[in-house]
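Each chain gets a letter, A, B, C, D, E and F, in the order it is written, and its residues are counted from 1.
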Amino acid sequence: MGKLTIGVFSSLVGGTTLDFSIRLAKAAKDKGHDVYVWTSGNGTMLSKTGQRAFKDYSYLAKICEELAAKGVEFVACEACAEARGYHKEDTFSVFKRHSMDWYLAKCCQSDKILHIGGE
Amino acid sequence: MGKLTIGVFSSLVGGTTLDFSIRLAKAAKDKGHDVYVWTSGNGTMLSKTGQRAFKDYSYLAKICEELAAKGVEFVACEACAEARGYHKEDTFSVFKRHSMDWYLAKCCQSDKILHIGGE
Amino acid sequence: MARKLKQLYLVQRPPIKSENPKLAYTHAMASQTAEIYLEDGEEVIPTLAMVGDGVYNVVNNQQLMKHYGLNSNENHVQMALLIDLKVLVCKEDLEARGISADRLADGSALGADMTIEVVPFSEIQKEMEATDQILCF
Amino acid sequence: MARKLKQLYLVQRPPIKSENPKLAYTHAMASQTAEIYLEDGEEVIPTLAMVGDGVYNVVNNQQLMKHYGLNSNENHVQMALLIDLKVLVCKEDLEARGISADRLADGSALGADMTIEVVPFSEIQKEMEATDQILCF
Amino acid sequence: MKLGVILSEAVRTEETYDRLQAEKLSVVLAGNGIYHAVSKKNGKASEVLSKKADFYVLTEDLESRGFTAGDLVDSKIKPIGFDGLVDLIMDQHDKFIWL
Amino acid sequence: MKLGVILSEAVRTEETYDRLQAEKLSVVLAGNGIYHAVSKKNGKASEVLSKKADFYVLTEDLESRGFTAGDLVDSKIKPIGFDGLVDLIMDQHDKFIWL
C-alpha cells in the first residue's frame, strides 16, 4: 500500500472537481492507501464551515468527516482561505490550516500525487 | 442619464472580473447614471465580509463602500451565498440579499444591462 | 417606465463545470415571482436558448443525483418547461454533436405541456434581435 | 524514505483569469521553508516551466499594481528568480506569440542572479521525464 | 440591432461569437481577451479580429498584462478606458453582451 | 516514462496535451472531458482520441451527463470507476497529471 497526496486547487462551486477529489480519496483509502488532501485557491471552499446542503450544490461535509475518521488528513492553505474571508473560526472541523510548504513536504513523503489545477 | 444594472455571475478569486464590474459601476456612476449591482454564483464572493487585504488578491470593500455612499445599490443572491456558507452575519454591510427575482425586476427597470456570466 | 421586458438567456457552455448554466434556468424561472419587485404593468418574459456546447445541458437521463447527489440541469429544464417557459435548442449544434431529438429532456412526466423546441440557429438569431436584453451564460 | 524530490511546475494558462498560475510560483517558492515539515535528508527541488499561453505570465512591465492594486505574476517570477529557482520558458511558444526575449521579466533589479531560461520544448519534455512529480497549472 | 460584445478569454469557450450578426457590431477586448489584440500566433492575427466590427481594447487590462497601445497588431483596434466603455454601453448600442 | 493524464474540459485551454510524449501514455476522460468520448462533431471524433494512448472514461461522469458506455464513439475507450482510477495512479504509472 502506498501514500497518495491529492492537491485540489480548483473548483468553482457548481463544478464537481472537489467531488472528484474526495471520491478519489475515498476510493484510495478504501483500498488501504494513506491519503492526504491539500486544498488551495478556490479549492479552499471545501474547508468553509456552515455550507447549506442544497440539492443544487455539492455538499461534501459528511463524506469528509467519514474519511477523516478513517485517517485521511485534510489541510487547507491558510493564506488562500484568509484572502477569501475564511478565518480560523470558519474552518470546518476536519481541516487543519497550514502554509504551502506542508503540501510540498507531503508530496515529498508520498509515492504518488495528483495535483488538480486547471481553470 | 440612464439606469444600468450589472449582473456579475463569475469570478474566480484571482481573476479580475469582479474588479472590472466595480470599476465599470464607478465609471457609470461618475457620469451620473443610476447603477445597480447584482452578484450571483461565484460573484457572491464580493459580499463576503472579512476578506484580508493581501496585495495578491482583489480587495474591493473600500471602493464598494464609496460607491454605496454615492447611491449604487449592491445586492447578493441569497441562495448562492447560503450555499457557500455565507450567512446574513457574514454579509458585507453595503450588500442587501434578495432572491433572483430582484435582479430580473431591476433589469426590467433599467435602460441597459451588462450580464457577466462566462466561466 | 412600465414595460413588458423580453429577456433571452443564451446558454453556451456545458453543464457542471461552472454553475452558470444552471443559474440561467433558475434566474429565468424567477420571472414567475419578480412581480413583488415590479410596478403595475411591468412584466419579465424570459426565453431560454441553448447553443454550442450549451446543448449538452438538455440531454436526458443525466444521472447526477445517482452519482453525486445533485440536481442536474435536466431537472432544471424540466421545471422551466413546467412553468411554461420557452426553451429553444439549436438544431445545427445538436446535429454536429450527434444528439438526436429523442435524447432531449422531457417535462411531460412532471406534467409540463411545453416541450423543448429544436430550431435552426437563424431562429435564435431572430430572438436575439427581437429581445430587449440578452444574458449569456 | 528520505529523498531529494524533483518537482516540475508546468504553467500552461495565462495570468489573472484564475489564481492558479500565481499559485504555481508561490507553491514552488514554499520549497524554501518546507524543511520544517521534512525529515533529515529530505528536500524539495522545484523547477518552473511556462508553456502555451502560460508564457504570458512572465512578460515584463505588467501594470497590474497601477490599475488594480495587485501584485502581478511578473513580481512573483522575479521573487522566484531571487531565491534561485530554475525558471524555463518555451521558445516555440514565445515565438508563436511574437514575444521577444527582451520582453521577459528580469529579477536583476531585485538582486537576482538567476534569469529566465528560454528553451525549446524538447528541453521541457526532458524535464518532464527527469522530474519525480509534475504539477500542471 | 446595434450590438456590443465583450470578449474576456484568451481561449474562447463559446461558439456564439463566430456567428453573431448585427447591423452595427462593436467588440471590446477586456480581461484576457486583450491577448487577441496583441498576439500574432505564428504570424497570423487572431481570428477574433476578422469579424466585421469596430474593435476596442480596454487600456487597463492591456497594460496590466505588460502590453501597450504600441503592441496592438492592427490599427483598427482603439484603446478605451472604463469611461469610454460606459458610453458604448449606455449610448451607442441597443444591447451589450459578455460572451 | 509511464504517464497518466486526466482531461476534464470540453474545450481544452492548454496546448500541452498535443505534444505530450511518453513510452506508456494513458488518458482518462473525466468531468466535462467525457464529451470527447461521446461526441462526433460533424461526424469526426474528437482529436483528443487521435493520440497513441490507452483511453479511459470515468463512468460516474459519463452517466452524470446523460451518456452510457453505448454512446462511446470508439471501442478503445474503457469505462472505469474511481476504484480503477486509483490503481492506474498508484500502481500502473510513474506520474499522473491533471491538465
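Following the convention adopted for this analysis, a contact is a pair of C-beta atoms (placed from the backbone, for glycine too) under 8 Å apart; a residue touches a chain by one contact, two chains touch by 3 or more.
What you are looking at is a predicted structure, and each value in this text was computed from that prediction instead of being measured.
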When every step has to jump to a touching chain, what is the lowest number of steps that links subunit B to subunit C? 1
Would you identify the chain whose Cα-based centre sits farthest away from the centre of subunit D? C
Let me spell it out: compute each chain's centre from its C-alpha atoms, then which one is farthest from subunit A's centre? E
Where the CA atoms of subunit A average out and where those of subunit D average out, how many Å apart are those spots? 24
Just give me the whole-number Å value for how far the CA centre of subunit D lies from that of subunit F. 28
On subunit C, where are the residues touching two or more other chains? 13, 16-20, 26, 53, 68, 133-136
Residues of subunit F touching 2+ other chains? 9-11, 13, 31, 60-61, 64, 95, 97-99
Multi-chain contacts only, two chains or more: what residues does subunit B have there? 12-16, 41-42, 56-57, 79, 113, 115, 117-119
Chain pairs in mutual contact under the definition given at the outset: A-B, A-C, A-D, A-F, B-C, B-D, B-E, C-E, C-F, D-E, D-F, E-F
Counting only contacts in the complex, subunit D reaches subunit B at residues 16-20, 22, 26, 65, 68-71
What residues on subunit E touch subunit C, complex-wise? 1, 3, 13-16, 19, 21, 95, 97-99
Contacting residues of subunit E [partner subunit D, same complex]: 9-11, 31-32, 35, 39-42, 60-61, 63-67
For the subunit B and subunit C complex, residues of the former touching the latter: 7, 9-10, 40-42, 79-80, 99-109, 113, 115, 117-119
Subunit B residues within the subunit A interface of the complex: 12-14, 41-42, 45, 48-52, 54, 56-57, 79, 82-85, 87, 90, 119
